[in-house]
Structure formats: C-alpha cells, structure tokens
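A single structure is presented below for examination.
Chain nomenclature is as follows: A, B, C and D, assigned in order of appearance, with residue numbering initiated at 1 for each chain independently.
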Amino acid sequence: MIGFGVIGYGYWGPNWVRNLVEMAGARVVGTCDLRKERLALIQARYPTIHTTTDYRELLKNPAIDAVVIATPVQSHFDLALQALRANKHVLVEKPLTATVEQSMILIEEAARRRLVLMVDHTFVYTDAVRTMRRLVEQGLLGNIYYYDSVRVNLGLFQHDVNVLWDLAVHDLSIMEYVLGIQPSAIAATGVAHVAGQPEDIAYLTCYFEQNVIAHFHVNWLAPVKVRRTLIGGDRQMIVYDDLEPSEKVKVYDKGITLNGGAEGIYQLLVGYRAGDMWAPKLSTTEALSTEARHFVDCIHNGTQPITDGVAGLRVVSMLEIATRSMAQRGQSVEICLERACV
Amino acid sequence: MIGFGVIGYGYWGPNWVRNLVEMAGARVVGTCDLRKERLALIQARYPTIHTTTDYRELLKNPAIDAVVIATPVQSHFDLALQALRANKHVLVEKPLTATVEQSMILIEEAARRRLVLMVDHTFVYTDAVRTMRRLVEQGLLGNIYYYDSVRVNLGLFQHDVNVLWDLAVHDLSIMEYVLGIQPSAIAATGVAHVAGQPEDIAYLTCYFEQNVIAHFHVNWLAPVKVRRTLIGGDRQMIVYDDLEPSEKVKVYDKGITLNGGAEGIYQLLVGYRAGDMWAPKLSTTEALSTEARHFVDCIHNGTQPITDGVAGLRVVSMLEIATRSMAQRGQSVEICLERACV
Amino acid sequence: MIGFGVIGYGYWGPNWVRNLVEMAGARVVGTCDLRKERLALIQARYPTIHTTTDYRELLKNPAIDAVVIATPVQSHFDLALQALRANKHVLVEKPLTATVEQSMILIEEAARRRLVLMVDHTFVYTDAVRTMRRLVEQGLLGNIYYYDSVRVNLGLFQHDVNVLWDLAVHDLSIMEYVLGIQPSAIAATGVAHVAGQPEDIAYLTCYFEQNVIAHFHVNWLAPVKVRRTLIGGDRQMIVYDDLEPSEKVKVYDKGITLNGGAEGIYQLLVGYRAGDMWAPKLSTTEALSTEARHFVDCIHNGTQPITDGVAGLRVVSMLEIATRSMAQRGQSVEICLERACV
Amino acid sequence: MIGFGVIGYGYWGPNWVRNLVEMAGARVVGTCDLRKERLALIQARYPTIHTTTDYRELLKNPAIDAVVIATPVQSHFDLALQALRANKHVLVEKPLTATVEQSMILIEEAARRRLVLMVDHTFVYTDAVRTMRRLVEQGLLGNIYYYDSVRVNLGLFQHDVNVLWDLAVHDLSIMEYVLGIQPSAIAATGVAHVAGQPEDIAYLTCYFEQNVIAHFHVNWLAPVKVRRTLIGGDRQMIVYDDLEPSEKVKVYDKGITLNGGAEGIYQLLVGYRAGDMWAPKLSTTEALSTEARHFVDCIHNGTQPITDGVAGLRVVSMLEIATRSMAQRGQSVEICLERACV
C-alpha cells in the first residue's frame, strides 16, 4: 500500500485524488491547497483524507511515500525538489518545470536518491496515442512526412504562462512519444491580444534532421474546440481527432506513388494512391488511471516511468526555445540538450 | 453580345466555357488548347465553338472581345500581354502572374489601353466570402484578432509551382478581401518530400501593423480534405467551412471580457463570453457565374473589377515574398509594393 | 435540511448521491443496494453515509424525509408505495411504474398524504429541452407538423423491459413536455433478435387530433450512437442533437410557402423558404442538479413538480399502449386516460 | 453505335443526355419535351441533337434504337408501352410505373419482343451499394437483423405522387438489391400537411419471413438533409451515409455475444462486442455512367439488366401496398406478387 499526498486541488488535483482513491494498492493520506474552500470540498467528498494549507505537513508525514504536485508551473521546481529531498517519489503536472535548468536539477536529485520522478504527460497514457506510436514503430506509415496538430478553443486564459506552455505542452509530448525523434530546431510565432497578458495564440514549427516537419497551432480564443492531428507517411496517414467519441484514430491507406519518366526526374509522375480507411478499436480506460497504475508500478519495481524526468526535460526544452523564438518573430532556434549548451 | 475566347481547356477552362455558354450577353467564339484530345472533347460538347491549338488565331479574331486565360501560371504573363496588345479584355486564372514585375506590366498595359484586366480570385465571388467581408466591414466582429486558414487534401501534385502558389493563393485572396488590410511582413516554411519537386506542405504567417496575425496551412499530402478558416474578433468570431453543404459561415457570439482589478493590469480578470451562434443564409449561385457576369459588366461599363490587376498583384506579391521566406527557413520578410522596392 | 435515502446504487443511484451530497439544503442519510460490492463502493466514496441491504431501514429512519428510488422498473411501484405510506416524499426513476394502474395508485396515495411524488424525466431538466418548449410555446415554429426522434446505439441489453421502456421513455417525456399535447392513438412495431429476450429495436408512432405525427426509433443494436430529434413547423424547424457538445439545438428558418394558383387548389404552388440558422446559447448545468434542486423546492413549498405523477402516468400509458400495439404488428391503439378505460 | 431518344428534359433527362453524349458506342439522336424553353436549352448545349415536342417523332425515327423515358410517373406506362411496340429498347425512370398491373404488362411486352426493359434504380449502380451487397452476400455481416433508412430534406414538393413514390423508391430498390430478400408484408403511415397535396412525410416498415425488419423514413419537410442507412447483422454492422464525401460505407466490427447461463435462457448473458471500424475504398464513377454502359451492353448482348422490369415491378408493388397501408393508418398489408393476387 503506497501512501499519497496531493499538493494542489485545482483542476487536475481532484482527478488525481479520485483515481488514487479508487486504485487498489494506493491510499490518499493527505491533500494540500491554499484555498480553504477547496479543502472544504475535499472534506465533503472524502472525510477521511487529511487536509492542510501547508504542504510541509505532507512532506513530513512518514505515511506518505509519494507526492503528486498539481500546482501552477512556477511552483513545480521548488515543491518537487523539497519533496525529493524529503525522500518522496514525485509526480509533477506538465510541464515538469519552468526552465530546462530546473528540470536537470530535479532529474539529478531523483537519480541520486533512487526516487521515481515522473511528469504527467497525460495523453501518453491514452490508448489512442499508444496505438499511434505502435503504428509508427511498426513502420505501417512508412517514412514520416509531417506531423500537424491543432488544439484550439475558448479556453481558460492563463496569466502566468503563454498558450504554448498551457496547450502545446500536450502536443509536443504526444509528438515526441509517437514519432520517437527530437527536433533539431524550433520556430514559433504568437500574438498577445490583451495588454499585460501572455500570448493567447501561437504557431510552433519543429525542424528535424530527417525530412520531417512538425507544426502546432494553439489558441485560447477560438470559437470552436478542435483537437486534430494529421500524421503523414509515404505509405499511410493518420487522422487523430480527440473529440471523436469512439474512432479517435483513423488510418488512411493513402499516399503518393512515383513513376520515373523516360527523361528522368523532370518527367517524374507523382500519382496518388487511395485505399481503405481503418479505425482500430481503442480501450476507453481513463488515461489517469493507467498513469497512476504505472507510477505505483515504477515505485514498486524501481523502474523508470515512460514519462520520466528526461521526457519532461525534453518538452520543457522545446517550450523554452519556442518562447525564445517567439520573442524574435519566428526566427528558428537550434536545440541543444547537452549541459554545455544551457 | 460579347465574344469570348478561352485559352486552355484543362481544369478551369471547361468551367469558364460552360458558364459563358449559358450566360446571356456572352458568346464563346473560340477555344484553344495544345492537346488534340481536349479539343475533341470541346467539339463533342459544343460543336459550334471554333477550336484551335494556336492561341494567336483567337487573338486575331475580331469577333473575340475578351479572352479568358486558363493555362499554367508560367504562361499567364506572355499570353495576357499579347491579348492586351491585341486589344482584348483579359481575365486570367489565379495567380495573375509568376512575378510581381509581370503583374505591374500587365496593369500598366491594361490601364494605357483602357481594357479590363481581371484575375480569377474565384472565392471572392461566393456569397460566403462576401458575407464575411460585410460582417467585418460592419464591425460585427469588433477588432480582428486573427485569421487562421487550413486548406489541405490529397490533391493534384503540381510540378511547376509549390503548394503556396497552388493553394494559398485562394486563401490570401480571401483574407485580403475579407479583412481589407495588407500584411507588412510574411514568413513561410515548407517541405518538399519528393526529390526534384516543389514544396508539398507549407505554413505561411502574415504580420500586420495592426495587432492581427494571419496564418495559412496548405498541404497536398493530407489524408482528408479540410477547408476551414477561423476569424477571431473581440466581439464575435467566424468559422468558415467551405465543405459544409449549407451553413458555410457560422458566426459565434463569443469573445473575451476584461475587468480591471483593483491593483490595475496585473489583477486584470480575463473572462469569456459565450452567446448564440448564427449561420446566415447564403445564396448558392455558382461563383464563376457571378464572376463571369461581373467581367461582362465591367467591360460594358468600363469599370474596374473587384478582383482587378492590383488585387492580383497584391496576392502575387505575398506569394513571391513567402517563397523567399521559405527559402530562408521561415525568416520573416517585409512587404513593399512601392515601385522602388521591387 | 432535507434528509435523503437512495434506494438502488446501480447506474443512476451514484449520480443522485453525488448531486445530493453537493447540494446545499440536502443530506444523504442512507443508501441501500442488494449487492455488497456496491455498498462497499459507497463506503469508499462517502464513509459517512449509512449503507444497508434492507430498504426498510431507510423507510423507518425518521432522519430521512425523501426517498429516491433508482431500482429496476418492476420494483418501482412496491417501493414507492411503501415509501409514501412511510410518509416519505418520493422521486422515482423513469418510467414511473410498470403499469398505468400502478401509477394511478401512487398518484392517489401521494395526493391523499400531501407528499411530493416526482418522476425522473431527466431531459426535461436540461436547458436544451426547456429552450425547445419555450420556442414552441411562443409560436416561433408556427403550426407543428411532425416530431421525429432517433435514439440508437449499442446499448445495455435489458432483460426485464423492451427497448421502448428503456429508451423511448426519454423521448416520449421530452415530446410530451415540448409539444404540450398528448397523442390520441399509438402504433408500435419491433423485433426481438435474441431468443427469450425482449424487443431490441422498435419504431413507435403517435397520432394526434391535430394534424401532427410523432415518430420514435429506438435500437439497442446500432453500430453508432445517434440522439437526434427533428421538429418541423410551418414557420421554423428544429434539429436537436444531444451529442453535439455545445450547439445542441439548432433553429432553421425554413418552411414551405403556399401560393394559390388561378384555378384553385389543384394549381397550388408549394414553395420552399430557407433563411438563417440560429443556435441559442444553452446553460450547461447538469440536469440532475437542476432536478434535485426542483425536488427539494417542491418539498419545501408543497408545490407540484413539473414531472409529477401525472406526467409519469402519461408516459407509462404511452409505453403500455405501444407494447400492446407491438404485439399486434403495429395495429394502432387508441389512448384513453379516463379511469373507466383502464 | 446505338441511337438514343430521350423523352423528358426535366431533372433526370439532362443527366441522361450528358452521359450518353460522352459515352463511346452511343449517340443521342433526339430529345423531346413539352416545354419550348427546355428544348431551347438543349439546342444551346447540343446543337446537333434533334428536338421536338412530339415524342412520336422519336418513336418513328429508325435511327433511334433505344428510348430513355424521364417524364412524370403517370406517363411512364403509356410511353414505355408505345416505345416497346415501336420496337425500341426502353429505360424508364424510377418508379417503373404507377401500378403493378402496368409493370406486368410492360414486362410481358418486352419479353415477347425480346427487347431490353430497364428501370433506373440509380443507386444500384453506385460502388457504395454494390459493395454493401457484396459484404452481405459474402456473409460478413452474419445474420441480418435490421435495415434502417432515413432520406429527408427540404425537397421538391411533388403534386402527383406522395413522398413514398418520390423518395422511398430509392431506398426500397437499394434494400432489395443489398439484402436480396423480399418483404412478406408492409405497413406505412404518413401525413399530408398541405390541403389537397399528397403525404409529405411517411414511415414505411417491411416485414419478412426471416426475423428481419426494414424501416424507412422519408420526408420532404426536414430542415437538414439526411441520407443514412444502418444495416445490422449479428457479426458486423454497416453505416451507409451517402452525404459523406469519401467514406460512404463504414463497416463496424460490432455485435452481440450470447453466453448461456447455468439455468438456461433466463440466465442468458447478452454481451457486446466492439472491434475495429473499416471503410472500403469506393470508386467514384458516376452511377449514371455505369448504368448507361450497362444498358448498352444489355442491348448488345441481349442480356437481362440488373434492374430489369421485374426489379421495377417489385419496387412498384411495395409502393402500391405501402400506399394502401397508409390509407388504413399503418395497418400491415401482405405482399403477393402472383398474378392471381393482383
């Protein structure tokens, strides 16, 4: 039985508490939030869970083995570092930290203490995303041509981070997991429409050493909700629509065919191939339930989570560089994850 | 009765012939194509239309008052210039020419001879696009925040122009007409996946002096067809989906609200406002029919078409600059339409 | 503070408990279910709620003022009658009872004791359904022509009731509430595909004294989920799609126009009128929350609920007659709600 | 080279002329319509086709081998009979005739003269419908449970026939072709909302000796266009949506599973099975082109068309019986195609 402490009972905190409460082998010992009314809500729902406004109570509590940090980004590093130093396993909401430097320190601290450090890249634990990764790994798409993602809606305006840190974080973690490659450079552009507030709409492009392009559109000010990703390969292509109730992943047997003409490349005939479409059955298990199970398993077995500190670092690195590019009107910036580059 | 000659009977040529044949006040005197089998097809369909492989026959024919040029881009300038010099009114398929310089020469030639020079920015003649322009002009959207367009599908691979010149040309002409403002700088990025072929996927960003951003995604290699534009204003927002059979334009009474907090801008509360959605009734008249009518009216009245040479020039200019930016990995390039800048 | 007992913790029970737990002025005192594992689940979630396998414990408990009955249909009558006799206000899951006779007895018992008897016609408490009723009442649709509803999916196969009692119950209660008229006759037809099991697909038609037709398609064996209702009037028409995330109700300014010809009715010109479409903003408050609030208010004020026993009776009556018609291959059966007819 | 005469240049006539004009081995010799302006339109489009207001001119013309009859239903029988007697092969728009008796006479006349008699059940010549038939024939759906079709929109109000004869004719011919079985009884119900006009909304149910039910909803007064058919089998299910641009036929690997319980049928466990979805690639050849080709082939080879007189008769028979049932408020009527029954 692993004892859990949950810090932050805002948007994600309640989902973590609910999943941990109903998971065999886990027990929520205490939760923490600065707002009294949130604590009252926890009390009404789960009278046996200890509540506090002081997270240090949780860190001191020997019945707590692991801590879930579901607070604003700016506080992630400090809370996670203290939790690790208190010898707690740590799961942090995405993005892992506010800077690459911070992520690196957490990774080292966790490694030194042989503690599990995990980041909540939620979508990686959905069957849709896992299925896409499998299809790519097995080569069913052929050579990847592009990855195009749109995540827009009239969303909650964040004050502390721009729309890339709020929304693109999901898509970068999905892309990274599905394609299994990292970009070599990033360009981003965005606009802030409200004075004193961060960018509310942004476009991000990833360049790779391979002849692949990845592009992301994120927007807090869209009249409709769109969650659609296209992945094009030379053999097959995927449409991943997270708003579809059941057929979230559709695989199209479409591509291009090349026929060399008599006079060489100038006579090249580019044709199209269109075949069947296929939507694999997907499990509907809630991602957070799979993820909570995985966290517990990693703690038990001392294994590295799929979304470990390094996965978190890679996404933070992309966001950091994208923000830098956005400040230079989309000038592309090289990525370097060596310690020396930071 | 205005006599027409149509040069090029490929994709758009037949649509022009069909619309002109059935339009009162117009008569198709002759058509020209280099391919014998295309001429045979015209003969089968319209036995009374003169066919030829030599466009000069049409330019010499005094029964022909106006010429429609529906050939590949590279030939637009030369054919249009000769037609103007033969004192024919000229309508050219989009994009008007392959370079800004060429567009300028055509504009001057037409002006000197008092001939109508028109470019086929087809969508400008749809009721959907005209309705959006009216909504923007009347201020119903409030201050414009962004224009985001996606035009992708498994389309006909062009060998002579990249995907921007083939697809983005539509969206740039729509954007220009609907918003009524011109960008001050453009950045574009794209990838060619087939050796020796032009870019098949591209992203284009327009920057404006106003705090607006416009972004375009065009793609010849997408598994599904998407034709969707979002236009965000601070009062209302539009979703324009050209694939919708009837409600192509939806107006959402959504926006953001700002409440200054006691401590000023740092306490600013950004809220959301969501109201009704409304889809205006749209006429289903074929755009080409409206456009052909407009061309004939301009010839009769000696008036300037909505999509005149200058409108064509502006779009060519954006495409030219975008292509230059694409060669520099998305480095943004300033736009200048003064003669001195070219 | 009203004390509640909830009998049945299957599909709807947990929703009732959750809503009552978080509602001001209400308290869930005890819940009952025959299955130990369900009681254990309640204990895990709400350690302070008393659980039992014997519903009589709840009926005897003086701290309980009102009872929610969320058990299979067959048990509704007996449980509700006992609850009323124990002087509890009663809310029963739809359909109210298994027979018209039973509904009548409950109505009389509740009236005699001045207790609130309410049936959970859930959709009546959604903003979508309330908005449609308002539009009809205000005459915006003009004369009603038809009501056509489809509710199909691969659903939970019921063993005790046929698909009409399981699914059409929703649509009959919505139709009755929105149109405000009752059918004079009903015809229904259906098929059972599994030996020994009730009908799994059925079609039901309601005839009215007015020139209106209502039709319902319900199906447990459909590959896709459909929840769509069309309501046609001579002035405007509605499409109500419960699966739409936000624009559930769309109002089309469409209809037919009649122009009498010179030679009278045989020369009548029937034309079509097509105008704008409009989707009113809908509140997203959970129906059960609105409904629970309404139940508590009725108890406090001694008023009749919108979905009172008589509303429940009317729906049960339609289902009873439809089932009779279904046994006669769709022969239509007159409806009579006078005591004498039963 | 087969010479064609086309009688009627209203809605379908132009489509037939266009397809025959461009088909190798066919030639349109003459067309007939009572309206001068329609003849003028033909002249403008096809100056070499002879036009007349007197269909007898076409029947007398020895250059005409085959006649396409695209006139209102009431005239089908008389025109077809005269054409057959003039030794012309005949293709008649759906429905074949206005009565079963008339269809029988035409079938006999064509058989006696060894002429091809074909009915234009257009959808039978689409790849979507042919693919569904193949899937059913190959047993991929397993035992068929139901066939449910919806064909509604704000359509052209017909004065001479009710909505069943106008719209359900399509679906009955599709159902008959795909399932390969004929109903044993039919029930239909409908309403006329405009005084003096035929029913504008109707529901039709087919009963079969097998445990299958087929149901059709047709409606001229719907605010939206729907063309959707569900076909349920115990192994797989189909959704056929004719408005989908490319994936018109989707095959769902869904069904029900039965597990006998210890105590026999009352303990039967009905479970659900959900697997992948699959959309076969469909050819986009225009149905009328395939059909015209087939007509010409049948004439050449003296073979029976897929949609021969008997197929036409079967559909007319269903419509006739449905209309009779509709007059009796949905009372089901047995079908009998023996001569003796008529």
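By our rule, a residue touches a chain if its C-beta (ideal position, glycine included) is under 8 Å from a C-beta of that chain, and two chains touch if they have at least 3 such contacts.
Since this is a predicted model, take the numbers as computed values, not measurements.
Each of B-D and A-D has its own count of C-beta contacts, and the greater count is at A-D.
For chain A, the chain with the farthest CA centroid is D.
If you average the CA atoms of chain A and of chain D, the two centres end up 52 Å from each other.
Each chain gets a centre from the mean of its Cα atoms; for chain B and chain D, those two points are 41 Å apart.
Of all residues in chain B, those touching 2 or more other chains are 274, listed in ascending order. Chain A meets chain C in the complex at residues 21-22, 44-48, 225, 243, 245. Within the complex formed with chain B, the residues of chain A that make contact are 145-146, 148, 150, 152, 154, 157, 159, 185, 187, 189-191, 193-197, 201, 203, 205, 207, 211-213, 215, 217, 219, 221-224, 230, 232, 234, 237-239, 250, 252, 254, 256, 258, 265-266, 268, 270, 272, 274, 329-332.
Contact residues of chain A toward chain D in the complex are 247, 253, 274-281.
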